[in-house]
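In the two assemblies presented below, chain A is common to both, partnered first by chain B and then by chain C.
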Partner chain A sequence: MKDLIPKFDYELVVTGPWTTDFDMYGWMMLMGFLVTLSCGLAGNFLIWRRMALVGDAISHSILPGLVIAFLALAAVVPHDADGEHSAEFMMRWRTPAMFVGAVAAALVTVVIIEVIHKWTRVKQDAAIGISFTSLFAIGVLLINRFASNIHLDQECVLYGELEYVPLEPMLSLGGTNIGPLPLVRMALVTVIVIVLLLLFYKELLVTSFDPNLAYSIGVNPSVVHYGLMMTLAVVIVSAFESVGAILVIGMLILPGATAALISQRLEVCLWLTVLHAALSAVLGIHLSLWLNSNSAAAMVIVGTALFVMAWAFHGLQKFVLLRRAVRSDADGPEDSIPNAA
Partner chain B sequence: MSDGSSESPLEIHDLTVSYHKKPVLWGIDLCVPKGKLVGIVGPNGAGKSTLIKAAMGLMPLNSGWVKVFGKPVKKNLRRVGYVPQRESVDWDFPVSVMDVVLMGRYGHLGLVKRPGKTDRDKARECLDKVKMLPYANRQISNLSGGQQQRVFLARALAQESDLYFMDEPFVGVDAATETAIVDLLKELKERGKTILVVHHDLPTAKEYFDMLLMLNMRVVAFGETNEVFTSELLQKTYGGRLTILSEVAEAVGKQQ
Partner chain C sequence: MALLLVPFSAQGARISELSEATIWEQVVRFFQFRDPSVRYAVAGSILLGISCGILGSFIVVRKMSLFGDALSHAVLPGVALGFMWNMSKDPVAIFIGATLAGLLGAAVVHWVKESTRLKEDTALGLVLASFYAVGVALTTMINQLPTGNQSGVDKFMFGQASAIGADDIKLMATITVLVLVCMALLYKEFLVTSFDVNFARVIGFPAQVIHYILMMLLAFSVVTALQAVGVVLVSAMLITPAATAYLLTDRMHRMVVLSAVFGVLAGVVGAFVSFLDDHLATGPIIVLAASLVFLAAFCFAPRHGVVVAWWRQRSKSARVSRENTLKSIYHVLEARDFEGEGVSIRELAQRRKETLEESQKLSHALVNHRLATITGDDILLAPAGWSRACEIVRNHRLWELYLTNEAKIASDHVHEDAEIIEHVLGEEVVRELERKLKYARQDPHGKPIPGLSDIRRGTGVYRREDLVGYGKR
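What follows is the complex of A and B.
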């Protein structure tokens, strides 16, 4: 039994991350929060559009996008005799190329799903299964074939490396350190997601609830759909470096699903997503320190625990409402349909 | 707008629509006069819902065109209001009654803008018309079928359109709501609006509508209700469907 439950070192697990080791864990918590927040905000809409699995699909099918982007980059790198110039070129264009490749792959996935769904009798869930696994397989073949040109850590693709975030080069502006580069990028993506959400809330709402009405009032549902998918691709590609292609799915779905159990208002759900993201990031770090485990996985576990707690809360709420309804029934119905006089 | 009152609210020419390569509507020609309450009747699979969806541009057309107040429907969507079938949306969606009615205002707002006070006032006014104002802050999943239909009607009113398409608004509603809808339709008509309603109940179709469009893949008949509601045309519309035929006989019997 003693071997099963790890030793609980209060200083290491509880106070450490906020004091002596804050330099390291502060960045990790912030990164975890930003990843879960941007994923969770987009995820709320995925859930209500019944497209939760599309997030799964995109997170896998960006693999060939990344590989092709790297190969294309390697092909256009200017060749110098000493090779110094090309390394600098690689460094500068690596991230933009990765983003373009990932977004393109995401769009291809979404288009393939649509085409299969529309032109054959195959239903959407099967179409999702076909498109992303095929694309993922192409990615694997490309890696096998051209492995020498590609530096992709497969472990990182699967589990992510949140632990490396504090070790990345710092971005400094005018002499002051802002933060590790991936974190700054993630913060930027989060801000973009929030701004898009505020700007197009109305369009997202109406296309999610009633696409036919949306079309009839001049809001084209497919434009909104592709916009959401592109945003999702950007979010996933910036998140997956730190949390991996599998755990990112949990971060897409868990906050929205948890919120949906607690509230029946989308605005409230979005605020609950912020809370869920903060709690899973902070508690996840503590849990990973206690278990000495991968931090992203620990964050997802905390997110799941929050989901289960919300479920219990929901059950309790129903029970209380039912009791109240029974009591008010004794006083007479308070809720009859108003008559059309 | 300079379209003038002479232009037909809805003009359809040679419309053909297919679904999964099977034709659903064939060579539909239609010209609806202004200020009429039109019932669309026909058997299951006659293409009633498809017709209004195609008319609004929600489905790709194989041939033909649709004009709304003399312009292609895409250019005049603002003048079209829509009440979809109640089951076409997820009523567990996390929005309130007010939120749904406000969606009717979105067409007037343009991109990025959020609904303001005037839109809220308008939405409240429309909710009041369908006697749903006390429910404005309710979550939509807590509504009965009739109440859901009233919310959809309020949303259509908030659209302030001139031509309305309603897809089976009378399905699964209580008697009170049915009367409320009929009153509302009459009021809209008196204000010069044109309304097309997909309807499945023949006896009441005769009572509710000025004109009937009898549809069975093609237009079987289109005209004033008292002229086209004959057993001959109804049989032609419903074909050899026995269960329907007895209903038809009963309906025609009532008329005489």
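What follows is the complex of A and C.
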């Protein structure tokens, strides 16, 4: 039990990541920040739309999409003389195939949920449960069946591989290194999310809070809904590799939930999400160095701690407001509570 | 970042490795239950099907379906802590740790929901992810200890039906009996708190306590089910059979029984199919079997099935269209004071403002249902057709009159409403309407309302003199 928590090494935990090992941990922090940021920005809308668990469902049901995409890719890849797949071809098409598979799986999930929920008396929560478990089961079966053709790592699906990000080949442009490949990809996804957010801010806002108003000003809520779901799929599939299928749910929900406890304005919430992402990425790395644990999990733990702090703040705020209300009631002339004595 | 490497650990998840054998031999072997692994797997699936099915029907009607999902992830830190208790895989310690973590998770969900603006879905997601993160961190930390690389926490993620042993069966049987006993003793309480919490409070049931008893049973079942089907698929065991039963019945006790039956069915089918093929893991097959049963209910459930509803809708709209045709024919006849035999298709088309082809189609639909016959160009109403036409017109005009006289709606606003209701008014309502309207004979537009005698006549009215009843005088 005592061996579990290693001794606190100031050098290693606090200063190390910023000085000697910055080459490594800098990339990990940046990656963690980008993942949490893009997930958190999308997650805010999930929370406001009461669809937090749709994110959960999609992160699971992406699995068969990935498997089918890889199988399809393996089927079309040209074989060389030894019957081996051409590695170069695989490398080039792997990412696009993955994204297409993930987006398709996400759309299938959302459609199944809506069909079950709208066409029968089964409620949305049960519909979510049915759709993602079935798809996940199909994914696991396909992996069992065609395991030899697919290279999908269980550890990666569960825990993510944030630790391996700095070890990936650097992408260099015009002679200068801009960063490891997955990080560049994640940065691209983050930029896309932010651009979409800025372009469709009004549409997202109005459909999240008042679908009827949205209709009346000519915004089709279901188009926005499907757009959001597709973006979510892209975000989840790119985050999934580095943080795993389940921790990604934490990154989707925690920033938005924390922000929602502090502010009721969407704009403020989005800025708080940025802050939350940065804090949980940086502090998460420190925590994982101290505890010698999985970094993605440590980031989610820091995110949870931030949520708990916001929760306490929220409780305190409510308490203070209540006190103030009680006091002003007591001071006021219209004290409606009759004296028992 | 290559998505590297190895497949899921599902190789071990099959019930039995088999050498060459025909399917028939395997079937025989399965049902002889000679292999202990088959016995355990089947017994485990049955027990799980019963306990998850029963609990699942309550969480589905309480709209808490995803509690199972959240709990199954939230138990992970408990599993890790249970392992840390004395650094060994002590099933009792792991069970206690997991159950405590699950209950804490359920309490946190409730607490977040009560004390903040956040909704239940967000609270569930929060608990799911944050507990799971603690579990992952603990697991990775344990794995780095010299003694810790055997924790086998990974096994809980995907489940290993093949690893079910006699001890696990005992545990499952205990939990199932506990669930059954609780249901027998507290069925009424569970029922009332599931559907009307306020009523339950009023009659003095401790709704909170009942809620936590349910949560506790749920945590027990989830923890035992984890070993067999894994974290993700345990929520399917809870939700899918119950949702299937929900489509088939409106009574809670029937739903509970049906849900348990479907759970058992899916479990046995899953165990059987994965026994047949080396490459099929048990957990996913169980889930897919349950999903297939749901799909069947989704399509063909007598009242709530989609295909059935579609068919009902279709036949209803066909009937409405036939009745509208009959009504138009009646109108044509009425416009020429019921003179002459039958109505030509041209007249019908003019009346309905449509093409000849469309009218032809409509009249053929009447012929197919023996409501009319066609001779040459004329449509002659059969007795049944005539009665129905009179009924529809009577319903329409009665309703118009009712809306004008009783509901005080302007007479030019009542037609659309009557167009819809004329097809659904039953005999009793019509009697009631007639009584209320004092057997009036004219609708608000001055048209005669066909009476009972017109309808009973049933032989087809070709002459004005034959039309007795309200319209006549």
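Heads up, the rule we're going with is that the second predicted complex is superposed on the first by the 313 of 341 C-alpha atoms of A that agree within 3 Å, B and C clash if a C-alpha of one lies under 4 Å from a C-alpha of the other, contacts with A are read in each partner's own complex, and residues count from 1 in each chain.
Heads up, the rule we're going with is that a contact is a pair of C-beta atoms (placed from the backbone, for glycine too) under 8 Å apart; a residue touches a chain by one contact, two chains touch by 3 or more.
If you're wondering where the values come from, they're calculated on a predicted model, not measured in any experiment.
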Which of chain B and chain C A:V219 touches, first, second, both or neither: first
Touching partner for A:A281 - first (chain B), second (chain C), both, neither: neither
Which superposed partner A:A97 touches (first chain B, second chain C, both, neither): neither
First, second, both or neither for A:I236, with chain B first and chain C second: neither
Which superposed partner A:G55 touches (first chain B, second chain C, both, neither): second
First (chain B), second (chain C), both or neither touched by A:L199: first
Which partner, chain B or chain C, touches more chain A residues: C
First (chain B), second (chain C), both or neither touched by A:N294: second
Touching partner for A:I138 - first (chain B), second (chain C), both, neither: second
First, second, both or neither for A:A105, with chain B first and chain C second: neither
Shared chain A contacts, counted only where both chain B and chain C touch the same residue: 121, 260
Touch list for chain C against partner chain A, complex: 1-11, 13, 60, 63-66, 68-69, 73, 84, 112, 115-119, 121-122, 124-126, 128-130, 132-134, 136-142, 144-145, 154, 157-158, 232-233, 235-236, 238-240, 242-243, 246-247, 279-281, 283-285, 287-288, 291, 294, 298, 304-306, 309
Parts of chain A lying in touch with chain C, wherever the complex brings them together: 1, 3-5, 47, 50-53, 55-56, 60, 66, 94, 98, 116, 119-123, 125-130, 132-134, 136-138, 140-141, 143-145, 147, 150-156, 158-159, 161, 164-165, 168, 180-182, 241-242, 244, 246-247, 249-254, 256-257, 260-261, 288, 291-294, 296-298, 300-301, 303-304, 307, 311, 314-315, 318
Chain B residues touching chain A - in the complex, by the definition given at the top: 20, 53, 56-58, 77-78, 80-82, 84, 88-90, 93-96, 99-100, 103-104, 106-107, 109, 111-115, 131-132, 134, 139, 141, 144, 146-147, 155, 159, 174, 176-177, 179-180, 183
Partner chain B, residues of chain A touching it in the complex: 48, 121, 199-203, 205-206, 208-210, 212-213, 215-219, 260, 263-266, 268-269, 337-340
